[in-house]
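First up is the structure itself, then whatever we jot down about it.
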Amino acid sequence: MILQARGLVRSYGATPALRGVTLGLAEGEILAVTGPSGCGKSTLIHCLAGILRPDAGEVLYLGQRVDTLSEAARSKLRRGAFGVLFQFGQLVAELTAAENVALPLMLAGTGRREARTAALSWLERLGVAELADQRPGEVSGGQQQRVALARALVTEPRVLFADEPTGALDTLAGEQVLGHLVRLAREQGTTVVLVTHEPRIAGYADRELTLRDGVIDATGMGLTDKAVGA
Amino acid sequence: MRPSAAVRLALAGTRTDALRVVLTTASGALATVVLLLAVTVLAIPTPGKPGDTSSDSWSRQYRLELLVEPGLRPGVVIALVLLAVPVLVLAGQCGRLGAPARDRRLAAIRMAGATPRQTAMLAATETGVATALGALLGLAGYLAGRVLLHRPDAEGRLLLPTDVPPPWPGIGVVCVGLPLLAMAVTVVLLRRVSFTPFGVVRRTRTRAPRPWPVVLVVAGFGLISLLQPLARWADRRHWTLPVPLFPILLFVAVLLAAVGVVVGTGSVSHAAGRILHRFARRPAALLAARRLMADPWSGSRTFAVLLVCVLFGAGAAAVRAWFASDFATSEEASRWMARAQGQPYVPRDTSFYFDSMDLVNGVVGVATALAAAGMLVAIVEGIVSRRRAYASLVATGVPRGTLARAILWQTFAPVVPAVLVALVAGAALPRGIAGESRAGGGSTQYCVGDWDLCQDPNSPNLRTLEVPTFAHTIPVPFADLAVVGVGALAAVLLVVGAGLLVLRSATSVDELRSA
Amino acid sequence: MSATPAAGSTTAHVLLGLLAAGPRHGYELKRAHDERLPRAKPLAYGQVYATLGRLQRDGLVTAVGQDQAGGPERTSYALTPAGRAQLDSWLERIETPAPYVTSTLLAKVAVALLVADADKARTYLVAQRRAHVERLRELTAVKTAPGADLGAVIAADFAIVHLDADLRWLQTTLERVANTHGEVRS
């Protein structure tokens, strides 16, 4: 188990978003988290990635508690061992594609030139090398998402969190982003948590887990995993 | 659309909108008070015969000499009107607070079938109503101040012209004109925003600014440096230059330099961004550099007023040094002459000049505080309007410290060189007129003993004294300039620090949820 | 299923399901069928009687009486125990996930809600959904396999998009059944 969650509870004011979620991820596994909107998918991924602290329960990465780490330590985790990919809007509008991808490396202390070289090679792997010096606003949504994927993967994270990564894209662009994501994750042995509401996107995962009203839907609705709840 | 419906729709908004309305009202009130004071100073009655500039025309009921002499009052009025400028800029800055949200709301109203004119009028109505309210508050404050501050001191003198009856026509012009002006400015500012039914399209200037403002600054300096040779050249030919020529040239030079510095902020920002980008090694500097290059105007607008304050502050410091040097030199000459004539030396009272300079410094200080408030609003607005981008950066592991440093870089990279330029320009302008203080020179006749003994031009008691020339280079007031520069930068630092307080709430994960 | 010549015919099973509520004659069956399974093409009378004939021959339905009041002679049919067993086994059988199975799925769910309870319908839906998801995953693997040629990708896309549509419908139906199973019954 590379990542585990036990009894996660999280509320926004009086509104409960997670009401006790327990799950585990094996190394290299691709897990889809599905469910209707408002079921707590995003809150779950935020808790797992250490973006949010759960009100109760625990998150363990390689057996170490994540939720009790300081903000600085979780921030470091997110730009090192974890990669994060959102639906849109995570690229810095003013930076070029290459600079955006180089940013996490520079944050980790890599020199600018070296970071750019690494960024270019990742853009190449995602087929958007020719966009290196363009700004996000100058390229299509699918290309932006590929740049964002390059940025999420440039630090070679152990776990990639993708929250509706194709939600803002048309079908083909979404397929391409997902194809790259799955291919690269398999190559690198990256564990992936993929939040989506689309069955077609969930089809890219090894296993699917459905949330309903803040709990894992164990009634069998959409549940195809024997090990869920373990 | 009926006015009531317009007001209702104009005032429908969120808490940010409410804050904008409150700030607009407050700055409107402040501007009203300042302008009403100017109107009142204009209305101070002049005793004595018209055209008489002797002391008969003085209003001795005031403590401030600037108010006593009618000839000095236009300067006071100009200073007050100039003081209203940073207040109005502050109001303009407040108008941008939460503007994207308002623009979206207006786009929604547009989608519901309003015409482009109607939507522009809605935004203008909001500003107009808020400013009108501010004007009323300002008027109330002014009238209350007249009563509360009407306290003659022991000699029966007043601090402010509270004895002047309210000049109602002028008050009317200010209270009606200010809201109308604010509405006009809003409409002009919104011309870059077109509310299509499909959302907001904001056309921004993205091309790199051209360096022509530098030409303005250089032209101003060039003009100033021509003044002295021009005077000497005219002197040699025994020409008398027409009286207003010199002040007009000086004014044009100052205006050129001031406009150059203000308009040049865009260029300075862009250039600072380019240089920073070349040398940036850390992410914070890189982010700041790219942002400065991407939109050099948005940040630079905010510190233009600060630069004008620095320009005036530095100029005032240089003028003060000039006065001090002049007075010291003439005192030296007077002492020498008194000693040579065997008479006691009576020092001259020069406090008026320094009191006036203190007043100028006070005005510059208040204007700097207002400029800083405007910057604060702009910085907070900049952070709040980018909160989603900031929140997702934090979510991907960018430390908040990096973002804070980026904002610090982004603010200071253009401000530091611009403040230096403004300091140099401000200090150099008075020096262009006079580089040194001179006194004495030539010869003077004096009488030994009683003046009666010297009625006869051949009297032995009448002596001629050759007075040597006393000349001193006017020193550069480095200490005062440092106070002005460091004060301005400290104000900016304070403002950025206060602005960064909103960074934490702006980067909370909740901002990611409202996708 | 050699003993059930009508097996494989969705229409035959829908008629069995409709008869589960009680005996009806052909005209009523046609109307009930068209109401419950709206399609572009209504069921023809000839097809109803031909199917009923086959079902009767196989012993799945039986004629229970004639009604002649104010019109042509009409025969009512009723479900036999063998028919009921055949119906249940059809309802429990998961459809092979493939493009264009939705109409069969619809028939099954509609009949399940008619003859059984919501739980039964849900159990069926969950099982069917699982089969669909597994097939979807297989096809996605085919598509994303290194070296997959364009033809294979296009063919996989075709199946995936249809399965995706089925899955959305299944999901929605599951939620509807969970929320309002009482209202669906006739």
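We just call them A, B and C in the order they show up, numbering each chain from 1.
Going forward, a contact is a pair of C-beta atoms (placed from the backbone, for glycine too) under 8 Å apart; a residue touches a chain by one contact, two chains touch by 3 or more.
Quick caveat: nothing in here was measured; it's all calculated off a predicted structure.
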{"item": "Centre-most chain, if every chain is reduced to its averaged C-alpha atoms", "value": "A"}
{"item": "Pair sharing more residue contacts (C-beta pairs) when A-C is set against A-B", "value": "A-B"}
{"item": "Where subunit B and subunit C are represented by their mean Cα positions, the distance between them in whole Å", "value": "81"}
{"item": "Length of the line joining the C-alpha centres of subunit A and subunit C, rounded to whole Å", "value": "40"}
{"item": "Computed distance of Cα centres, subunit B from subunit A, in Å", "value": "50"}
{"item": "Per-residue overlap in subunit A, given as positions that touch at least 2 other chains", "value": "none"}
{"item": "Touching residues (chain side subunit A, partner subunit B) in the complex", "value": "12, 42, 46, 49, 51-52, 72, 75-80, 82, 84, 86-90, 92-96, 99, 103-104, 106-107, 111-112, 135, 151-152"}
{"item": "Of all residues in subunit B, those that touch subunit A in their complex", "value": "280-283, 286-287, 290-291, 293-295, 388-389, 392-400, 402, 509-510, 512-513, 515"}
{"item": "Residues on subunit A engaged by subunit C in the complex (per definition of touch)", "value": "36, 179, 182-183, 198-200, 202-206, 208, 219-224"}
{"item": "Footprint of subunit A on subunit C - complex, ascending", "value": "122-123, 126, 129-130, 132-134, 136-137, 139-140, 144, 146, 160-161, 163-164, 167-168, 171, 174-175, 178"}
